[in-house]
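Next come two complexes built around subunit A: one with subunit B, the other with subunit C.
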Partner chain A sequence: MINIEIDGKLVETEQGSTVMDAAHKAGVYIPHFCYHKKLSISANCRMCLVEVEKAPKPLPACATPAADGMKVHTHSELAVKAQKGVMEFLLINHPLDCPICDQGGECQLQDVAMGYGGGESRYTEEKRVVSPKQIGELISTNEMSRCIQCTRCVRFGQEIAGIMELGMANRTEHAQIMSFVNSSVDSELSGNMIDLCPVGALTSKPFRYTARSWELSRRKSVSPHDGLGSNLAVHTKDNKVVRVVAAENEAVNECWISDKDRFSYEGLNSPERLTRPMIKQDGKWIEVDWAPALEYVANGLRQIASNAGAEHIAALATPHSTFEELYLLQKLLRGIGSGNVDYRLRQSDFSADGKQAGAPWLGMPVADINAADRFLIVGSFLRKDHPLLAQRIRQAVKHGAQANIVHAADDDLLMPVVNKAIIAPNELLNMLAQVLKALASEKQTALPAAVQQAVAAVTVTAAAGAIAQSLSGGQQVAVLLGNFAQQHPQAAQIGLLAEQIAALCAGRFGYLGEAANSVGAYLAGAVPFAGDVQGMNAAQMLSEPRKAYLLLNVEPELDMHNPQLAMNAMRAADMVVAMSAYKHHAMDYADVLLPVVPFSETSGTFVNTEGRAQSFKGAVKPLAEARPAWKVLRVLGNLLDVSGFDYDTSEAVRAEGLHTLSLDDKLGNRIAGVEINITADGNGAGLQRVSDVPIYSADALVRRAVSLQKTTDAAVPCVMLHGSELQKLGVVSGDTVKVSQGEASVQLTVQANNQLPPGTARVAAGHPATAALGAMFGTIEITTGHSTKQPENACQVAGHSVERA
Partner chain B sequence: MLSAHIQEQINRELKKYPVDQKQSAVMSALRFVQDEKGWISTDDMSDVADFLGMANMAVLEVATFYHMYNLKPMGKTTITVCTNLSCTLCGAEETVAHLKVRLGIGLGEVTADGKFGLREGECMGACKDAPLFTINNKRLCGRLSNEKIDQILAELDKS
Partner chain C sequence: MEKIKEFFKTFLLFELLKGMALTGRYMFARKITVQFPEERTPQGFRFRGLHAQRRYANGEERCIGCKLCEAVCPALAIKIAVAEREDGTRRTTQYDIDLTKCIFCGFCEESCPVDAIVETRIFEYHGEKRGDLYYTKPMLLAIGDKHETQIAKDRAADSKYR
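Moving on, here comes the complex of A and B:
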């Protein structure tokens, strides 16, 4: 530690820190633009010039290392003169369009100009003009003349997003920020550049000219999308969400949010919003009041319960629902005598049900990811499924950690990966067994007898050996299972082996939570094996169709592991009650639509993947007749005479369901009593399906976010095959093929992808283009069938857009 | 695609740098491209980026920063006249004017037959020979007078 004096205040600061850091510690504000605590030092804007005693000229605080005994003056005559000089230069070329600038009112340049700028400019020559650039649907660069070349956006791309999509071309007066030949910025974190831009050069395209910043009310909220639970600031105007920006929480999302978190709000104001309860009568949908709608539902459920038995009632909910909603849903179901409730809609292996120590979770605090030095990431479309967790892993790798991947697809993670085992889905378990076996011999540790017996037969390949070697060299090992691994038909065994691998390295093992409330849903008891009334899991409810389904935010053709099976069950049911924020496909098969609200219009709680319960309040009032689902469930509970449904607030529901915010004892990944049986399963004819859920198709809200739907990541999925498979079929990239699974087929554009293992076909799930197909895993048939219906043309491969030939 | 020759040249250059610092060779790589093709297209920049494992944009930054890279076809022979201070004091304006008349083109233009391109350049670090220009960035011609320019042009015309 060293001592430094800033404006007469003595501060103790770390060796190697800068004057800027020390000033922050002392609570002294130094004006700046290019400096950002999360980005590398650039020192190009010169706004932070300060006077340092014994230095011959002013020095930039952001790039000057603090030295013991240094005396710094940030507001001395010399410092202020330097700062004012810099300000005058910055304003020379800056347009005076603050009155129509979206950044007006929240602009760093505007604020600093108030303090250091002159009232009038001495500059009479021509101003620089920079032509607008087209960089995609999310970021507007229509006023690049406002740019002051701080390069925060460029450094963000290089250092945080991991891909340099913006850069500064040319030099001196001609320097300008642009993308490579007007290519679009496709990073899933790109929106953060808008927050970072200290002027109005990069602004939000969807928000453009919607409101002035001072007209907005700001409400804290939590992202309803991925498992991280990013903290949001929801900005509202006239009872409408008009913008979402990041709220800082160092332990969760730092100061970033993904584009999904940021731009999905457009879905909140979608014209597809369901605004009134609707009942289907004689094949026609009619709008009704809440009372008759709920009476109808209650009567229907009562009838089915008394005629066919309560076990014929089933409830499916997405883990994007709040804790309170899920808690009341399962309480209602159990109250009427059915245990058929599940949130694990895309899961296919339920053999660990009741055998896991607690709610499957990350196995460590999110912030600890940065400290890990070895990663084994199993079955994860990491960047697209968990944009910000991927970012943390990227930072760790940058600081020397090694990333090892076991997966069925080789998407670019935008970070160095030391070892990759890209294998067909049915070899996943075998590969983990190999890694475990190699690791055991590396560490010269004996495995538990049962495990030892199971892995004895496998032959260790070079790839597995290399991964084991990398892992054995680590002090802080993290074994992380992604969505793909959780949805795998052998998920329980994969979990078991992953746990063993982590145990051998004295590391930690966890699940990258699929959705905002995956952990919360488990804790709420929205699983068939919780509580005293037990029932069927999500797969059983479809394979043995029930007479009545309660859907909470579920779109079965998009949210389920096997949409074919799901739709058959829905169509055959006597009654389907869809509690949804949107008028969706349920219009075809449901009997009642109950308009419930999205996260922005209700209070609730999400428990993120590290087991952090984060409660939030509604940012705006419910739209029209839509109501929070917990209130709807409360009334249903009362109508059905289930006791204990007299809550006044969502907080009361949470208090009953969650008791305490310390959840440590309720989380647990340890699986006991599952047998390991390493046989490649489903090794029949045909190709094995590899399915991802495209980032902007993952939940109901983001599916209706119009700007996100125009991005490259939202392009209609194509079927990807290894080049050799294409040859066998006699087709080339860009051709249309017939993709068949189960009883249906769809037409998709085919795309060669030699990173895929031969014998597999990558076909995305969760997208309308593939919704007619069957299970996310299993065999799939591809033929050169002809159809008059052509698929739409754009498709994307691992973040790169490919145009159809 | 980069030609085999360019790839070979870049590979030779790469030996000068640590294996994880391949981008160090970007300036040389762009030079090799220009030597062969006379200019550097954005496709070439992409190819260089792929070859060196860099972002396209990072290559474009370098290519647009240094004035010696031709970002459009500049003819068989590119004449780059220094117009920085020392050269201007010694008559660079006259050099430019004479070249414009002789070639019938302005700065940044190429003659119709594609033989000559004329560019304005930054200081070549040879102010003692001002005024001066370079031919294809390789040959430096200093202490220019109109007669000397005519002589050089005649010589270039022949080759």
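Moving on, here comes the complex of A and C:
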């Protein structure tokens, strides 16, 4: 520790920290533009010049290391003169268009110019003009003349997003921030550049000219998308969400949010929003009031319960629903005598049900990811499924950690990966067994007898050996299972082996939670094996169709593991009650549509993947007649005479369901009593399906976010094959082929992708274009010759991004 | 002595005469009553009357929808909505002034970076229903179009003091 004096204040700061850090500690503000605490230091704006005693010239605070006994003056004559001078230079080429600039009112340049600049400009010559750029649908770069070349966006791309999509071309007055020729900024974290830009050069395209910053009310909220639970600041105007920006939480999302969190708000104001309860009568939808709609539902459920039995009522809910909603849903179902409730819609292996110690979670605090030095990431489309967790892993890798991947697709993670085992989905278990076996011999540790027996038969490949070697060299090992592994038909065994691998390295094992409330849904008891009334899991509910389905925010054709099966079950059911914020495909088969609100209009709680319960309040009032789902379920409980449904607030529901906010004893990844049976099944005819859920198709809200749907990540999925498979089929990239799974088939554009193992075909799930197909795993057949019309899509763009990756 | 003086003053109606003298003086003084509407008081170029929205000489409306006037208005009389026009420029889709709220302080005019919203010399306007004094963008632009010559002259006169 060293002592340094800033403006007469003595501060103690760490060796190696800068004057800027020390000033921050002392509570002294030094004006700056290019400095950002999460980015590297470039010291090119020169705004933070301060006077340091015994230094001949003013020094930039952000790049000057603090030294013992240093005396710094930020308001001395020299410092002020330097700041005024720099400010005048910065404003020389900055256009005076604050009145039409979206940054106006929240602009760092404006603020600093007010505080540290001179009153007027002496510059009368012409200002430079920078031509507008087109870098995609999310970031507006129409006014690049405003840029002051701080390079924050460039450094963000290089250091945080992992890919340099913006760069500074040319020198001096000709310096411009631009993307590479004709390419757009496609990073799933790109929106953070808007927050970072200290001026109005990079602004939000969807927000453009919507409101001035002083008109907005700011409400804290929590992201309803991925498992991280990013903290959001929801900006509202006239009871409408008009913008979402990051709220800082060092333990969760630091100061970043993904584009999905940022721009999905457009879905909140979608014209597809359901505004009044609707009942289908004689094949026609009629709008009704809440009372008759709920009576109708209650009567229907009562009738089915008394005629066919309560076990013929089933409930499916997305893990994007709040804890309170899920808790009341399962309580309602169990209250009327059915245990058929599940949130694990895309899961296919339920053999670990009841055998797991608790809710599957990350296995460690999110912040500990940065401290890990070895990663084994199994079955995860990491960047697209968990943009910010990927970012944390990227930071860890940058600081020397090694990332190992076992997956069915070699997508670019934008970080160095030391070992990759890219294998067909049905070999995933085998590969983990190999890694485990290699690791056991590496560590010279005996495996538990049952496991030892199971892995004895496998032969260790070079890739598995390399992974084991990497893992065995680590002090802090993290074994993480992604969405793909959790959706895998052998998920329980994969979990068991992954846990063993982590145990051998004395590391930690966790699941990267698929959705905002995956852990919360488990804790709420929205699983068939929790509580006193047990029932069927999500897969059984569809394979043995029920008579009545309650859908909470679910769109069965997009959210389920097997959309085909789901749709058949829905069509065959006597009664389908869709509680949804949107009018969607359920109009075809549902009997009642109940308008419930998305996260921004209700209070609730999400328990993120590290088990952090984050409660939030509604940012705006419910739209029209839509109501929070917990209120709907509460009234439904009363109508069905289920006891204990007299809650006044969502807080009361949470208090009952979550008991306490310390969740440690309720989380547990340990699996006991699952047999390991390593056989690669289904290696017959056809190709193994590898299915990801595209980042902007993952939930109902983001599917309706207009701007996100225009990005390359939201392009209509193609069927991607290894180049050798294309040759076998005799087609080339861009051809239309018929993709069949079971009895269903769809026409898709084919695309070569050598990042896939041969023998597999990557067909995205969760998208209307592929919804007709069956389960997310399995074999599919591709036939040519059906040269029907080219499906209208942007596949070429998607292909372009693949090639670049 | 005082008392006697007081007694005579009361008795001889001194105060009355003093008062009447004042009245008499004004009776013969120059009259300042203005016979409106035949006669009008002079107006300064900073007169703050009815609002108007101006256009540039090429017919393009000046207002860019920066909302500074809305923000500064102490009576919350201004309501603005903004959107991007097809040509990419920032324009208002709604610009309303509720004249029943307006206190004619002139802050809107002062805050405007493009001299779009101005207060004119017009003060003799009326509404017969409450809604009549709710001025919308087309109404404000029409006033501007009609009185542009005078408005421009006033701005020019004021310019050297700004």
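In this section, the second predicted complex is superposed on the first by the 791 of 805 C-alpha atoms of A that agree within 3 Å, B and C clash if a C-alpha of one lies under 4 Å from a C-alpha of the other, contacts with A are read in each partner's own complex, and residues count from 1 in each chain.
In this text, a contact is a pair of C-beta atoms (placed from the backbone, for glycine too) under 8 Å apart; a residue touches a chain by one contact, two chains touch by 3 or more.
Predicted model only: the values in this text are computed from it and were never measured.
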Classify the contacts of A:R122 with the two partner chains as first (subunit B alone), second (subunit C alone), both, or neither. neither
So, does A:R212 touch the first partner subunit B, the second partner subunit C, both, or neither? second
I'd like to know which partner A:L166 touches here: subunit B for first, subunit C for second, both or neither. first
Touching residues on subunit A, where the partner in the complex is subunit B: 158, 163-171, 179-181, 183
For the complex, which residues does subunit C have touching subunit A? 64-68, 71, 82-84, 88-90, 113-114
Please name which positions on subunit A make contact with subunit C in the complex. 98-100, 104, 142, 208-210, 212, 214-215
How about subunit B: which of its residues touch subunit A in the complex? 42, 45-46, 55-58, 60-61, 64-65
